[in-house]
Amino acid sequence: MLFFLARRVGVMLVTALCLTFVVFYLTNIPAKLETLAKTQAGSRISDAEVASWLDRNGYNQPMLVRYGEWLGVARGWTRQLDDGSMTGRCYLLTGTTIPGAAPERCGLVQGHWGNSTRFRAPVAEVIGARLGATGMLMLWVLIVMVPMALIVGVLAGMREGSRTDRTLSTFAIASTATPEYVSGVVFIALLASSTVGLSPLLVSWGWIEGPVLFQGNARSALEGITFWNFALPVMTVALYGMGYVARITRASMTEVMTQQYIRTARLKGVSFPSIVLRHALRNALIAPFTVIMLQIPWLLNGVVIVEVLFSYPGFGWTLFEAAANNDIELLLAASVVAVLVVLVTQLISDIGYVWLNPRIRVT
Amino acid sequence: MMDPLSWLDILGRLLVQLLPVWLALLVLFALSIGFKRRLGLYGKLFDSAVGMIGFALVMFWVFAALFANMIITHDPLAQFSGMRNATPGTPLRDPAGGYEVFLLGGDALARDVFSRMIIGAREVLRIAPFAAMISFMIGISLGLPAGYIGGRLDTGLTFVANLVLAFPVILLFFLLVAPEIQNTAIPRVMAGILFLMPVLFFTVLLNARFFTQPLKRNLYVGAVLVIGLWAYSGLAFNADPFGIWGMSPNLLNVFVAVVFVNAPTVFRIVRGITMDIRTRDYVSAAQTRGEGPWYIMLWEILPNARGPLIVDFCLRIGYTTILLGTLGFFGLGVAPESPDWGSTINQGRRLLTVYPHAALAPALALMSLVLGLNLLADGLREESLKD
Amino acid sequence: MTHSKRKATELHRAAKLYARECREGRLSRREFMTRATALGVTAPAAYGLLGLAAPQARAQTPQMGGSLRMQMDIKAQRDPRTWDWSELSNVCRGWLEYLVSYERDGSIQPVLLESWEANEDATEFTLNIRPGVKWNNGDDLTAEHIAHNFERWCDASVEGNSMAGRMSALSEDGKLREGAVEIVDDLTIRLHLSSPDIAIIVNTADYPAAVVHPSFTGDDPVANPIGTGPYRPVSHNTGIGAVIERNPDHTWWNEGNGAWLDRIEFIDLGTDPAAWMAAAEGGEIDMTYQTTGDFVDLFEMIGMPQSEAITSATIAVRFNQTQAPYDNVNVRRALQMAVNNEIVLELGYNDRGTLAENHHVCPIHPEYAEIPGPVFDPAQARSMIEAEGLAGHEFELISIDDDWQAATCDSVAAQIRAAGINIRRTILPGATFWNDWLNYPFSATEWNMRPLGVQVLNLAYRSGEAWNETGFANAEFDTLLAEANGIADADERREIMAQLQQILLDEGVLIQPYWRSLYRNARPNILNAEMHPTFEVRYQHYGLA
């Protein structure tokens, strides 16, 4: 088991290294650097000004050297200013200008994630705050999605071919066919508009005080999450993810229901609810569990869409902003986080599979 | 000038306008049901209600895309003065001999929503299935040897596939489908590698089957190479001497990115199935017969893996359609003014509370197509399990 | 608020000339105000020259206290002189003030200056600094501080310092010319210009001209908020929002005349107006920064009335003449001919502006000459393109991904297509668009308003200018333009302008469909927050009813 874990961690590190290099390469092609200079120093600056900005900020070294700087294996760039003080990667990161006061190397290895050019703040700070916000969103998504998906899947799968099954399956399929950018917008129109949908009706009946039932914008959830400002984004992500998990649960449930031991139990006269709850459920939930874990990285897509749509500054929103502004170090950190999420959920899913299913042993 | 149409009139006119689609569907279903016993898995589809509904939805859009030129009422890119955000059934100010109403209204730039939706089907169905197909060929070409031969090859390929899969799709798109990347060699190089796969696939496929009959082999393989390399030069490098095959840099970029994220998943599926099938008796029999590894992989294992692959293929087209819409949502990729559904939904959604028709029409179209593909996949799965 | 030591009888000669033009209806009142006040004439005196009384002060004084939430992009801060977006300046307006301000009526009002005078040929300006102004760190504002700011503005070695271009009459070799700024006494400085430039004072009202304390060295005026204004920043998060509060430890020089609000919160909701709308419906914002297109009416529908500013801001759908096939004048003219500006205004900009005539000189410019406008003839356009052998050519029109700009270009492209000419559109994201904006063969650029017609022509159409995106190089045009620059009288200048405008039309330099009106929506209880023609958000004057 220990060897298994060590190997997985090793693979994880190599994967992260490869991916960050790809991200680094794609964000450091000359045209992207020009974009960065123009977003940083002024959108209508001349080519000469771009060149001088890049030169002054240490962007003119070979790409591999700069990747090394970021990793912390190569020496950070330095430059003496006219007044004798020093500037450079490590000087900026440690906030000093006195020559010799800053360390030679300051990258990932030394614990420096760099600075975000878009948000003018340390990357670790930005990522930390945004991950927290997305964590809340994901938590609620899972709280809503998982029970709903399991209930729909189990109900549909316990009597295959019944009318309940047909209805719920169609619902599950329809939910996977409705992407977030459609459902989110429809939710806003129906529930968070003072001119159409449900809200004007409720107002005219005097049931709600404000002009709208739900808030179509989740910015206020940063200060305090309420049902009214968080329900729509959560529903939007959960709905799309739900269908898939429900279908896996249904498939797994139908398979379990045809097993010998279930038939035996039925013949013995055990009541149907008791069969489902006591015997079928545990075995039927193995497959959905692994799928839910693997689903988490997939939800990230939806999270980016929803966070942008509802202006909720979480991790997905940060990813979008960083990509749109070519914020190199923030993108690198974000990809490290994303890779870790993918690989850790895979690991949990594998371990959970083994733990839930005693017939399989890790070798 | 005529009065705006009522909803009943609009519905009637829509049905008339879609006449070619109804006829084609009727013929297709009549023929298919008539001969379903002779049509294998496809025929069995018509035993399942779910499958039939799914198939009908998908074919509706396929026929709509095919006959789009007969169906549309206006040029999808033309703008008509006075028709900004016009409600469904609004007559034109000055039809000038053309169709006199906007059946499903006008969008924010005074273009006909109905015509854009129909032409949009063509845009979507031109990219999604094609991209899914290329992804499949790549996944199959790499997944078969990885699963069958195993060892170092398997370890290496699996690592690369997991590498791509560990990337959040959206980040990859932000990085790859950027205008700055478009002007570098990256998309061309990637296209050069990715598009070579189908050519290699068919070459090896036919060579493995017919290498004992050199005459047939030379004919088939030669034909594949000529056509394949011709298309390859045009699609990947825009160097088709006759100018028939070609892709705008923008489209190519999107295409490459979509294939790139889909292929590893297909690879994993194929690899898994291959590892399962390779232990079967008929594979051992072929091995003792002395068949070459490529023959076994392509002519023994692949046909037996077709069930799950066809199902996944349907799902993947739907998924790709949604993915293309996501790109439209972030304003990446596909050309502006393009009537593809993702972009039109994104443009229309802003005014959804006041003028819902501009976004709802393409949204319903997209959902029905994806729903159809999902139902079709379900039907196929059910029927193939009955074997 | 008098700010000139002269009497009305001693007013600048040119100002009287302008007044005559204005009375005769050849100069708009707004334009007259700009130019007369730029020469140091007080606003009431300027109104007096026209035989009018100055408009009464605001009808309604806001109550003290309250807070306001406004949607606005919050971008990463940097050195004020390098600001490239008005939003950057708007955050800091509560503590960083300007020498003068540009008002909605077109006049220039003193802020940190008390008054200024120009000599006869506008080569020497005397600036009288307002006495009693204190920095919020306790220092007094002195002439030396202002001189220091002029020195900062002239430093062209700082990348993106756009003030350097505005101060060219004061600089030499990329820095302040020796002796250009003379400190007369503690509260007076004198500017010695190398060439006449009546715009120099107007330029200090531009948003990058915020006056900073001499101790300001860093690049972030929020982290280091030493200023003269009544507010101070509480928090500033790029892309998310900023909070400003009244500074309790500082006495503002203009006490009692503003700073009504206790707190202003800027909320960055991204670029999607649908998101602002959702936030407004949820009661999360009270006003927008700028509303465009259909949303002006939509916000009004949910109880946020609009305010409008008529400007000479515009969009230039220009050809780059150095690149084929646009090096051919017939091609350019044919494409112009295929486009009906009226329809572009209707479909691309919701009819929220006034028609323009493809020569970038606006009827509100004083020297605007009425000449026959562009011809719309799609059939002729098609045959001209065919005659040039480009019947099968696919043109490409590039634009930024901004809502109204993309819509305008879509609409231009649709018309060209309707004329039977192949064209495709390309949209580039905001961050990428500017990489190459000067060199795109056929693309659209947004231009903000400039008070004088010659100003825009100097900036964008003179041969070899830094912002000449059309690649237009015409010796006759340059000579005429130089001549026009030397003529103060708008009537005389108009004769030359007519020729200049005609050259631009004959050469088919650009498709310029309309002049924009700018809009903002705010809840009805918000006072003094009308849309400003140059997007200023002077929240020190905003208040609640």
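Going by the order they are written in, the chains are A, B and C; count residues from 1 in each one.
Basically, contacts are C-beta pairs under 8 Å (C-beta built on N, C-alpha and C of every residue); 3 or more make two chains touch, one makes a residue touch a chain.
Please read these numbers as outputs of a predicted model, since none were measured by experiment.
**Student:** Can the chain contact pattern be summarised as a line, a ring, a star, a complete graph, or none of these (other)?
**Tutor:** complete
**Student:** Taking each chain's centre as the mean of its C-alpha atoms, which one lies nearest the mean of all protein C-alpha atoms here?
**Tutor:** A
**Student:** Please identify the chain with the largest separation between its CA centroid and the CA centroid of chain B.
**Tutor:** Result for the farthest chain: C.
**Student:** Using CA atom averages as chain centres, what separation in Å is found between chain B and chain C?
**Tutor:** Computed value for the inter-centroid distance: 48 Å.
**Student:** Taking each chain's centre as its mean C-alpha position, how far apart are chain A and chain B in Å?
**Tutor:** Each chain reduced to its C-alpha mean, chain A and chain B end up 27 Å apart.
**Student:** From the mean C-alpha coordinate of chain A to that of chain C, what's the distance rounded to whole Å?
**Tutor:** Once rounded, the distance between the two centres reads 41 Å.
**Student:** What parts of chain A, by residue number, touch at least two of the other chains?
**Tutor:** Chain A, residues with two or more chain partners: 31, 35, 188, 193, 195, 308, 324.
**Student:** Residues of chain B touching 2+ other chains?
**Tutor:** 178, 180, 349, 352-354
**Student:** Using the touch definition from the top, which residues of chain C touch two or more other chains?
**Tutor:** Counting only residues that touch two or more other chains, chain C contributes 274, 277, 301, 429, 432, 435.
**Student:** Taking the touch rule as given, give the residues of chain A at its contact with chain C in the complex, in rising order.
**Tutor:** 31, 34-35, 38-46, 49-50, 52-53, 117-121, 188, 192-195, 210-212, 215-217, 219-220, 222, 229, 308-311, 313, 321, 324-326
**Student:** Residue numbers of chain C touching chain B in their complex, please.
**Tutor:** Interface residues on chain C, with respect to chain B: 272-274, 277, 293-294, 298, 301, 343, 346-348, 350, 399, 401, 406-407, 410-411, 413-415, 417-418, 424-429, 432, 435.
**Student:** Could you list, by residue number, the parts of chain A that touch chain B in their complex?
**Tutor:** Interface residues on chain A, with respect to chain B: 11, 15, 18-19, 23, 26-27, 29, 31-32, 35, 169, 173-174, 176-179, 181-182, 185-186, 188-189, 193, 195-197, 297, 300-301, 304-305, 308, 316, 319-320, 323-324, 331, 334-335, 338-339, 342-343.
**Student:** What part of chain B is in contact with chain C in the complex they form?
**Tutor:** Contacts found on chain B: 77-79, 81-82, 84-85, 108-111, 178-180, 250, 331, 335-337, 349-354.
**Student:** Chain A touches which residues of chain B in the complex?
**Tutor:** Touch list, chain B to chain A: 159, 162-163, 165-171, 174-176, 178, 180-181, 183-184, 186, 318, 322, 325-326, 329-330, 342, 345-346, 349, 352-354, 356, 359, 363, 366-367, 370-371, 374-375, 378.
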